[in-house]
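Note sheet for the following structure.
First chain written, first letter: the chains are A, B, C, D and E, and each begins at residue 1.
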Amino acid sequence: MNQTLVSYLSQYEFYDILLGLFGKNEGFLAFTIYLLFTLAIVGLCATIGGLGTYAERKISADIQQRVGPNRVGPYGILQFLADGVKMITKEDVMPFTADKFLFYLAPMLALIGVFATLAVLPWSSGFIMADLNVGIFYLIAISSLVGVSVFLGGYASNSKWSMLGGLRGASQIISYEIPVTISVLSITLLAGGMSFGTILSHQQGTPINWFLFHNPFAFIAFFVYFIGALAETNRAPFDLPEAESELVSGYHTEYTGMRFGFFALAEYIEVFVVCGVGAALFLGGGNLPFNISIDIIPLQLVQVTVFMAKALLLYYVVIWVRWTFPRLRVDQLMSICWKYLTPIAIFNLVGNAVWMVMFNGKSIADLVFGGH
Amino acid sequence: MFAQVLFLMSAFLTIGCAIAVMVTKNIMHSCIFLLGSLIGVAGLYATLGADFVAVTQIMVYVGGIVILMLFAVMLTGGKDFVSRAQNLLGLAPAMGNKWTYGTGLFVGAVFLLTNVSLLMNVSKAYPVKNFGNEFPSTVSAIGKLLVKEHVLAFELSSVLLLGALVGAAIIARPRKQ
Amino acid sequence: MTPAQIDGLMPIVMLMGIAVLMFTGGHFLSLLLAPKKPSHLKSTPYECGELPVGSAWSAFNVRFYVVGLIFIIFDVESVLMFPIASVFRELNDMGEGLYVLEIFLSFISILVMGIAYCWKKGDLDWVKSYQVSLNNNK
Amino acid sequence: MEYTVGNIAPIFLAPVLAFVINAFLGRKLPRQGDWLATFSIFVSFIFSARIFADFVFGKFATDQYIHKTFTWFDLTYGANIWKVDMGVYIDNMAAIMLLMVSGVAFLIHLFSTWYMDHDEKHGRFFIFLPLFTSAMLALVLSDNLLSLFIFWEIMGFCSYSLIGIYNKKEKAGDASLKAFMTTRVGDVFLLLGMVAIWMVIGSVSYVDIYAAIAQGKFAGQAVMGISLATFSGLCIFLGGMGKSAQFPLHVWLPDAMMGPTPGSALIHAATMVAAGVYLSLRMYPLMVLGDLTWFIAVIGAITAFMAATIALVQTDIKAVLAFSTISQLGYMMIGVGVGSYNAAFMHLITHAIFKACLFLSAGSVIHSIHEQEMPKMGGLRKYLPYTHFAMMCCTLAIAGIPLFSGFVSKDRILGDALYFGFMAGQSPLMAIVPILGFAGAGLTAFYMFRMMFLTFYGENRMHHDDHGHGHKDGHNDEAHGHDIHHEHLSVRQNIPLLILSVFTLGFWFAGTLTGQTFGKVFGAKTEWFKILVEAPKVERFVDHSRELLGSTDTRPSLELPVAVYDHHSDTQTGYAGPNPDTHKIHQAHTIGAILSIIIAFSGVFLAYLMYIRKSVTPLSRTFSSYTELLKNRYYFDNLYVDIVIKKGLLPFNRLLSWFDMGVYDRFAVDGWAKVNRVLFTASKWFDNVVVDAIGVDGTGVAVNLFNLVLRIVQSGKIQFYFIVLITVLASYIWTVNI
Amino acid sequence: MMGLTSYLVISLFLFITGLVVMISRKNIVAILLGIELILNAAALNFVAYSRYVTGNLDGHIFSLFIIVVAAAEAAVGLAIIIRFFQIKETIHIDEATQLRN
């Protein structure tokens, strides 16, 4: 582990003051700091997720030349709160044939899987909860809980639509995990480590140092990653598990009220996480576009803003894609994954490895401008 | 402090879910409890400082094996076998009866008893060490070991996996009736 | 900076705990606020107005399993590749890049053989897998 | 670049790769993969050429060699160190040999792509041809007798496959079997010789053998009353005799022409048969030590003469060439025997080149007119000008006409033979060696020109042949004569011939260029071949030691040096006899050269008189009884079939059969039966009462009872097995723990 | 509290649970679940010993390969189960007593 939030904060003076307040109990202080920040991040992400629904509706309306939600709050911006309230107050219906235990468990697993990924998301160079040495690997691993939850949601409902959606969803998620993993592997190879700190430290400075522009293979890897991530989060044009014209609503057909809400929340947060990871891996994350040596809290906040801007830009692209492209057929979905993305990703991996050996790990920019 | 908490949580998750796997009627629930148990084991790995193995455990088991098992359960008839099980008088769990459980528990107890003395010896030989709060990274060391000393095993594992893939694909592929 | 500590895993556990708490909290809220008027028809599985016939839990197509199978093999292989990818840069700087590349490429080539086999045999085709395998087994 | 096993190995691995690809995918490749085989040989050629260039153009000193080994398997136990090494051993000889084999093989492959076009066995031919070539190359590279033997056998197998490639023809099958079985006789002896050497020095590596000779390890060792050196040398030479078709074991080679002609060119002319000579050259110090040189010389002389006489009367163009091959191999053996080491090797090389060219030309002729019988040819000069040119060059070479390569090498062998037979103080009987040698040389010139004149000169006899005559390849009648077209220069057909015919010129081998342009070798006064190739100087290996069988320190120390091998490194002859007299050798060479020129020209002239002028009646009419003898090839085949098999083995079999029926069957079997009848009556009672009732039924009952128990275990229920397993494990832990 | 023994106890417990599952359940998938538990027990032991006894990372490598082998085993095993179900239409272990159908 390179660095945690607490170890980052401990270099400031106010940490010692706080330590005094907590009676020199470092563990308890760490617990408090983590708890506060965890709650803040969950709150932030829940808001982003909620705003995601709003943004989705607004952007789709924009694309389709409609107005979209405009009643609740200014420009309808509080629409997501209204939705939330509605979900809580809806009646909780469960099919009598359902497997009740799994029916409850499925959304919870989705929520756990998505929330757990937030621990390693690099908001800035300092504001990262735990910069695990296996960071990106951990993120991929724990987010596969979502696949299980999709399958369980489909299974537990004991409805034919749900079952089909669940099976499709699970096989789609696991299939697209392969190109995503291999693309991430390429970046791991270039960065020489799996932790976000290591990955970001290689992308400091001007945008030319981003891994996106490191070499041609990494450039392709970004698109492979992005397409795979779209499919992994069940976003259009890969939203077959919840294809409304085919499967009613897919694996959450039978879910109502609060549980449906959690599924939706998990999905939107996951989209944000995936975009954030894409920004961190390929677009330099929270790194400012110039080299700066001082490290103060306000600068960290600037970094957070940069990171959010990049992630939300990708988020916008995701929504844009959704309302632009038609949905794929299921056989096209599988052949895109296995016959195009995976071979391309493997090719990229090999290309990156060869690049590493041939050019001693230098990027195109280094070669052209003679850096490092 | 946190290490102990994590250890306790993981241990209880592991053991509780393992027991649940043992006693649950429904095979689907068993799979999910297995998932819990495996995540618990991953937590135990984390307390042992094996971060890479822990994440691998999650990656392979949660992302792969459990989903594969769920698929397999669905392909072999979903919940149908619950009704077809030898559910003796409705008392013993599915797909097993009093006798099988009795035998199983008996053999388990015998094995436990034989191993207790072994455990005693071990606990005498290796007293509790306090590693404190440290959490060393194992990734690069494992990477170097895989490239240097265990390179043959590394390459052979890919052959093993290739064999498993081909073999399983041949076995599972639908055939002419 | 303090050395790496196991405390760093705290946020993961906390986030998982928060997820569970949020879930139960939400349920609790909806228990308080939501109306409760169950009826038999309301809790039948939704099939666009038709009454469902039979259970949804029936045997499914094998191709889901085959996809899962290919996935798990790739999953495990990528797991094994991750540590080597992480030390690739370090070993390359030590001048052993070609050796590691050799190992890496032979590993990947075996991986590619697997996908090539499945491709050839039609396991990657969603629709055609039946017909192809029927022809093969004649 | 340094030489390692890894960068030498492509020489023979490239053709192996072509073999593997062609064997498995050949049918799917365009042209069934012949280009692949050809290309692979070209790769070998490039690698060989590099080695050759390094050896000849001065990277290495003249007496330097490459020896790289790795342990193939290790049978060491305790103090006994038994390591079997594999490796490459390249000295000047091997470097030249590699270049020759790969170059000739490449040209033959190229020619075969033309010759085998549209042949039904095209694909199969190009499976075995590269494998064969690679085995030959690997044999040349081998550093020990064991790996040599392995590749030797691979070549045997390939030649079996290539001779019998038209497996629908019964004769082809018989011929391939004959070749295989006959060479096996030699191989058994070779194996025996290897075992004998292994027993003494614990290694079969050349270097170890040389070292053992130099250190005197062979002294005092004997097998079955014969000195070990003699025994092992004789056995190894017998192996070489089988492969190189020497006198008693020569019968397979003429039949080997059943295969496609380019195959014959590669196998039975240029390379494989040279392996026996090559082996004898490699083991030359052993032969000298074992005092076998006179034997080799005599065998060679007999072979050379006998084959030449048979060739006189053959009418099949390929048969003439086959017997001439045997004859020339005999000359090589004479060269080995009389100590003319580098001349023997030079003759190997020159012969390989011109004989390959001759066979390819014959193939070109046969393929063009679909006819093999010379009486039905004639006057082909007009139709096949390039082939005629190439064949003429080679014929001049083989006949020993000055300025051509055959003269250079054969003349030196004959000169040394003359010295050996008359001046070296050997037994007077040894005079037959030069006498038969010179006689054979004259006959060679005669029959080769007879072949040329019958084939290319005179009037065309194809149009008025009788139609009832059998057609060799089952072609239609129309094939005869009518569709001969004027030959155009074609890359695949003629270029190999022309390239090879360029190398039949003598100066390539006898070059004594002065000046420093070409490095030290060409700058020297002596012929480069003489500088590069000389008999192995075993003294160099005196200090060579390796931990061998029963490691060195446990053996009683030998008194060194024991002068068992007195080598005289005389570059003129390389002859290792007692006190070679340089003056006499010069004398012998001068006489030999004059004699052989006279003999060769008189042979040519006689042929001219007989077949062009027709002023002299062909000998066949004069000595008709002798001609019968020759046409039947001295009845060697009949000898083996009628005498050895029918008179020798068959009566022996009859004797065994009589013994079997009359003695063994009558007394032993029948008598025993009578005894048994008595015993049977007794045992019947015993059987019924004791065995059946108690034993059998009782066993059944017991087994049944046992079954009841075992059935529970063998239920097929995995869980039960698991329980048993765990219980056993638990009890094991319990016992170990307490 | 977190000594070697505690890990060994947990691992032993996992092992015995897997053992009981393997013996008592009649569903082949459930038996596979038992096998996974047993494999995990072994892998846990390796890592624990690696931390407390040997001090090097060979135990980690071992458990990595145990996981790899477990994945291969699960893939093939489940394929066999599916094939078995297609033939017999049940996955009761006691139906699988014949070497041929």
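Assume a contact is a pair of C-beta atoms (placed from the backbone, for glycine too) under 8 Å apart; a residue touches a chain by one contact, two chains touch by 3 or more.
On a predicted model such as this, the values are computed, not experimentally measured, just so you know.
Enquirer: Enumerate, in label order, the chains that touch chain B and chain D alike.
Expert: E
Enquirer: Strictly by the touch rule at the top, which chains does chain D share as contacts with chain E?
Expert: Expected: B.
Enquirer: Computing the C-alpha centre of each chain, which chain sits at the greatest distance from chain D?
Expert: A
Enquirer: When contacts are scored as defined above, which chain pair ends up with more C-beta pairs, A-C or B-C?
Expert: A-C
Enquirer: Measuring centre to centre with CA averages, how many angstrom lie between chain C and chain D?
Expert: 63
Enquirer: Roughly how far is chain A from chain E, centre to centre by C-alpha average, rounded to an integer in Å?
Expert: 33
Enquirer: How big is the gap, in whole Å, between where the Cα atoms of chain C centre and where those of chain E centre?
Expert: Whole-Å distance between the two chain centres: 20.
Enquirer: From the C-alpha centre of chain A to that of chain D, how far is it in Å?
Expert: So the centroids are 73 Å from each other.
Enquirer: Tell me, which residues of chain A touch at least two other chains?
Expert: 1, 27, 30-31, 132-134, 137, 155, 167, 170-171, 174, 177, 193-194
Enquirer: Which positions in chain B touch two or more other chains at once?
Expert: Residues 2-3, 47, 49, 52, 56, 59-60, 63-65, 67-68, 71-72, 74-79, 100, 103, 107, 111, 115, 135, 137-140, 142, 146, 157, 161, 164-165, 168-169, 172 of chain B each touch two or more of the other chains.
Enquirer: Where in chain E do residues touch two or more other chains at once?
Expert: 19, 22-23, 64, 67-68, 71-72, 74-75, 78-79, 82, 85
Enquirer: Kindly provide every pair of chains that touch.
Expert: Chains touch in the following pairs: A-B, A-C, B-C, B-D, B-E, C-E, D-E.
Enquirer: Would you tell me which residues of chain B are touching chain A in their complex?
Expert: Contacts found on chain B: 1-2, 26, 28-29, 32, 35, 51-52, 55-56, 58-59, 62-64, 66-67, 70-71, 74, 78-79, 135, 137-140.
Enquirer: Going by the contact rule at the top, pick out the chain B residues touching chain D in the complex.
Expert: Residues 100, 103, 107, 110-111, 114-115, 117-118, 121 of chain B touch chain D in their complex.
Enquirer: Can you name the residues of chain E that touch chain C in the complex?
Expert: Residue positions touching the partner: 64, 67-68, 71-72, 74-75, 78-79, 82, 85.
Enquirer: Across the complex, what residues on chain D touch chain E?
Expert: Touching chain E: residues 715-719, 722-723, 726 of chain D.
Enquirer: Can you check the complex and tell me which residues of chain E touch chain D?
Expert: 19, 22-23, 31, 93-94, 96-99
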